[in-house]
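We just call them A, B, C and D in the order they show up, numbering each chain from 1.
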Amino acid sequence: MQYYDTGWFGVFVTAMLTVFILFNISRAHRNSESLFIRRIPGLNAIDEAIGRATEMGRPVLMVPGIGGLNAISVQALNIFAHVTKTAARFSTPIRLCLADATVYTVAQEIIRDVYQKEGMIERFHSDSVQFVSDRQFAFAAGVAGMIYREKAAATFFLGEFYAESLIFAESANAVGAIQVAGTTQTTQTPFFIAACDYVLIGDEYYAASAYLTRSPVLVGSLIGQDWCKIAIAALILIGFATNSYQSTQLTSQAYDGKEWTPLAQPRHYLASETWSSLLFNPKSARDVKVERPLEPEQGGSQ
Amino acid sequence: MTYLASFFTAPAASSGLTIRILGTLVFTAIAIFALSQAPTRSRRPIVATVTFFAGLFYVLFYLWPQPYDRKPNEIPLNSVEAVGFWLKDAQPVVSTFGNIIAGSMLGLGIFSLLSVHLRKFVKKQRDWQFSGILLLSMVAMAVIGYWNWIQKIAPGSPDLENVANWGFPQYANDFLFDGMLQQMDAAMFSIIAFYILSAAYRAFRIRSIEATILLSAALIMMLSLMGAVEYQTSELIRNISGNDPNGFINNFTLKEIATWMRTNLQNPSLRAVDFGVGIGALAMGLRLWLSLERGGVSA
Amino acid sequence: MNYDFIKLTVGVLATIGLYSALYKETKLYRFFEHIFLGLAAGFTLVAVWTETLKPMWWDQMVGRTADGSEESVPGLWLFAILVPIGLLGYTVFSRKHNWMSRIPIGIILGLWAGQQVQVWWTRYGPQMSDSMVPIIPTTSQFRVPPTDGLPTEQIQAIASQLYVSQALSNIVLVFTVLSVLSYFFFSFELKSRLVKGVNLSGRWLLMIGFGAIFGSTVMGRFALVIDRMFFIWIEWFKEGILRIPG
Amino acid sequence: MNLLRLGKILQGVPRQALYTMLIVVASVPLFFRVEVPNSPDQPAIDLFVTLNTIPAERPVLVESDWTLSSRGESMGQMEALLRIMMRRNVKFVLYSGADPQAPQVARNVIRRINAERKRAGQPEYKKWVDWVDAGYYPDLAGLANAMATDIRRAFAGRQDTNERGSMQDIFRSPVLQNVKSISDVALLVNVHASGTIDILNERLYRRVPLASMCTGVMGPQSMPYYASGQLVGISVGLKGVYDLEQMMEYGVVGKSIRERPHPKTIVSSNHDEIVIQPFTGQKNYDRAARYYFSLHFAMTLMIVAIIAGNIGMILTRKPKRKGGQ
């Protein structure tokens, strides 16, 4: 199915990107020193925010979004582990609010782990990591209430946020908390930009853990991602060059998504008839017919 | 799943099925016990392997050439097709694994909720009354919900879509769910409008170039969405151009500008962000799949 | 006082209760907040079985016997392994065996990761090809002539041309994609002024995009609050209390 | 000095005051009915044209992924969609992949529209005969993949009460009996308040025409799919619904058509020789028409607030201005 759907090209590009990432990870293993990552403002704010919370003796509140367990929430938890480490040293209370039981499980373990490694497990309360609700707006109401009551001094909203983003941001703003936010949901970023002090935009979010930990794997992967982006940019450039050339040429055939049919008088190529378009949207194979033997009736399982 | 190896299945309500299920449970229990005895250094590899095979399925599903025009109960022509058939048939089954496992872990969340609020309630800590209310409404909703559900699935039960056949559990469930829960959802959702107003009032100041750009883009969009304003301005412009459809100024109606902004600035810029995010997700996916992040979550 | 009106009234009270947070966090808000959380948790307890585990796990595992219009479906006994795996998650509270909670986690993450590879192209391929727009105008005319009332082939001919205005727009489009993309390069130092410029313009173009989203979202949010007001004033107050049909 | 005070006031309006103003401007206009002038967006026109030109003998899949929390926008979308399909006698399958409650919410809307048809003396839209209910699917990705593979397997085992009141497989219903594969379906419309259209696009693009009716929030995220031809049409938020209601009222014609059914008929710049007659004398203007009027006041408040804040800032600005943040 897939090859007819996407053509060989889709598989090729995906494979290429994969190779770029993996290659750079292995490269980083060999020499991780010389690797450069540009500064990401939102992240330098983390320690400042925690410091402020410590002065005020008020808790740091973290939310890893309302998504299920996936790379996005894992990424958030990796960052929160870093935050917690700092908070633990200052013995600043933390509140990690979760909207998904599986993420809660992971968070529970990571955070306890952090306190253990810092040798202050006694500071780890069961309230520190709590599941609030897995229903979007119940979660929003609960977290907002917590922000108000606990007068959080610093809040971190990192992860998969939807409509509730602004409820958190404005409640936190109302109690005068420093806010660091970041989401992969481009539709929510503007609200964080409007209401929060520091915002991670787009895949700065994914760059964050590499920036904080400097671990070779992450840094390497980040470089690989840059390669991928360059590759995408290059592809776009090539495609747009060929299109620009081809659209000035005349064609005597028209393409209807299945086959070419001769035209009365030649005209310029339509966008759907250019090489790039044909490469990206291969001929649909709906008319491919395969004859196969039938298996005897009975006993189809589920 | 015509082609799914029928080895994994047994006729419904047959003793064979029951035995197999129980057998599987026993086997799993033993396996888990054995696992729990695994030496510390072998733990990471175990988790890594499990993760790898879980991910491998979809990767194969993507890469393996799969027969296009395929009708039910056909037999594959060769081994390549056989694998393709199998992958395609297994996919709907595999795609539920995540939900099932996540579903059976939900208790952890509820446990956390209970432990926090029961403690508050029992130890009469601050706001213990509210914790009580929470626990109460939780129990009520759960009990009523199941009561209603059991009546609904009971064989020969009347059509409960029809209000005429409703009894107490239906009314109670409708009251708690439609009357309260859903309404609270809507209320919380709509509260965002107020926050959007105060946030915009506070943040949209022409302080810096960026803020100014943000503000002007937002303003243009808002105005173009106000049908009346949009309509009036285009009327105005049509008059200026003297109703000449070719008039150059026609390009500058609010809607033209908004549409142009959307197609040539908004969509492309978001698309570019999404490329980055997509790559980020792909990279993170690979790292998790291959358990490359030491000390990370994956293992 | 019929049932529907009581239900309506409670809905209104709940709305007002939650809205009270707009003034300040009061006992009233706290009251409804906790009811909300409780109901949500209770509902989840019901839904996890009735919507997830029963249809996706139990029914698949035990299959279905034939009845009337339905042929029977055999049970997938192997499914019996899944819930015990999920239950491994509960070892997270055990000091000794908590590592086992990573097995179900690993499976969920693995499945997710695999899907990323599967869906990347179908999601982003068309987006890429859509950014490959021509920029060399094929005619000296500035803007696309209005095609009202033209026969189809003439409209076709016009469509196949690239007018100067379109070419300009396309240049903007490509530049936007590339410059914004360049803003997200993390591993290079930006030395040359040109690159810096592109990078900065990328950030500004991004801001236009975000501003536009903000603007178009406002409508949606306001629609919701208007709908709430409709619920309170028209459905409850006007039609419910004053008994005036809307 | 006085200006400075004014500026301070304009900058420091307490949030509670803003909130009160919003409540007022959102409520008062609801009591009035005004037809707001408006010109529909092309994506919405494309959607309307598609809905009015698909062959009536092939069914439409309606994936309803919204609940009461977004009823302000989605309910209007759903109502408009149903009105158009029912008036054209297009048969449809209702299912949901986002929320267990979505089907019930959608059923309520269908019930209400049916009541409305009864009042208007039109035939009721019969379950099983004109539409079937496939219910809720917890795993949309799986469903979409399965649909692409074999639609009969995707919806396998889903039953609905037939005209004789007994449960039967939905593929025996007049709606689906002729559907062998996804290509027999005329259109898949996703009424959504979340990112479900992404999942559908990833798995069903180029197998069945996809259309989206989304909330204003999802608009920007779904719009690129329209731009890249992955969606045949899209109606975004309240404006989208109002566009549809207006097109129902006045009809749509292609740009090469000279004579218009109604002076206010909408002209589609993406179509040449189509004529879609208005549904004259039927209930076309509804929810959106009402909300849209209030919306203008709310938006105005927002814009005024922003401008006031900026004026305030300018008035209080120190002689030496500091750079951006």
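Here is the rule we go by: contacts are C-beta pairs under 8 Å (C-beta built on N, C-alpha and C of every residue); 3 or more make two chains touch, one makes a residue touch a chain.
The structure presented is a predicted model; accordingly, all values stated were derived computationally and were not measured.
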Per Cα centroids, the chain farthest from chain D: A
Centre-most chain, if every chain is reduced to its averaged C-alpha atoms: C
Computed distance of Cα centres, chain C from chain B, in Å: 8
Distance between the centres, which are taken as Cα means, of chain D and chain A, whole angstrom: 28
Centroid distance [mean C-alpha coordinates] between chain B and chain A, Å: 15
Of all residues in chain B, the ones touching two or more other chains: 6, 8-9, 62, 70, 72, 88, 93, 96, 99, 102, 105-110, 113, 127, 177-178, 181, 183-186, 188-194, 196, 198, 200, 202, 204, 209-210, 214-215, 219, 222, 225, 262-263, 266, 270-271, 273-276, 281-282, 284-286, 288, 297-298
Residue numbers of chain A (touch at least two other chains): 1, 5, 11, 14, 17-18, 68-69, 71, 74, 102, 105-106, 108, 132-138, 141, 149, 163, 186-187, 190-191, 193-194, 201-203, 207, 222, 225, 229, 232, 281, 301-302
Residues of chain D whose C-beta touches two or more other chains: 15, 19, 22, 26, 69-72, 138-139, 141, 149, 217, 220-221, 224, 227, 239, 295, 298-299, 302
Sites on chain A touched by chain D in the complex: 1, 5, 136-137, 162-163, 174, 186-187, 281, 284, 286
Chain D - residues contacting chain C, complex: 15-16, 19, 22-23, 26-27, 30-31, 70-73, 100, 136, 138-139, 141, 157, 159, 166-169, 172, 198, 201-203, 205, 215-217, 219-220, 224-225, 227-230, 236-239, 255-258, 267, 269, 272-273, 290-291, 294-295, 298-299, 302
In the complex with chain A, residue positions of chain D that touch it: 15, 69, 148-149, 183, 194, 206, 217-218, 220-221
Residue numbers on chain C that touch chain A, as the complex places them: 18, 21, 24-25, 29-30, 32-33, 36-37, 39-41, 43-44, 60, 63, 73-76, 89, 92-93, 98, 101-102, 104-105, 108-109, 112-113, 116-117, 120-122, 125-126, 128-129, 131-136, 138, 153, 156-157, 159-162, 174, 177-178, 181-182, 184-190, 206, 209-211, 213-214, 217
Residue ranges of chain A in contact with chain C within the complex: 5-6, 10-11, 13-14, 17-18, 35-38, 40, 68-71, 74, 102, 105-106, 108-109, 132-135, 137-139, 141-142, 144-145, 148-149, 171, 186-187, 189-191, 193-194, 201-204, 207, 210-211, 222-223, 225-226, 229-230, 232-233, 235-237, 239-240, 242-248, 264, 267-271, 274, 276-277, 279-281, 301-302
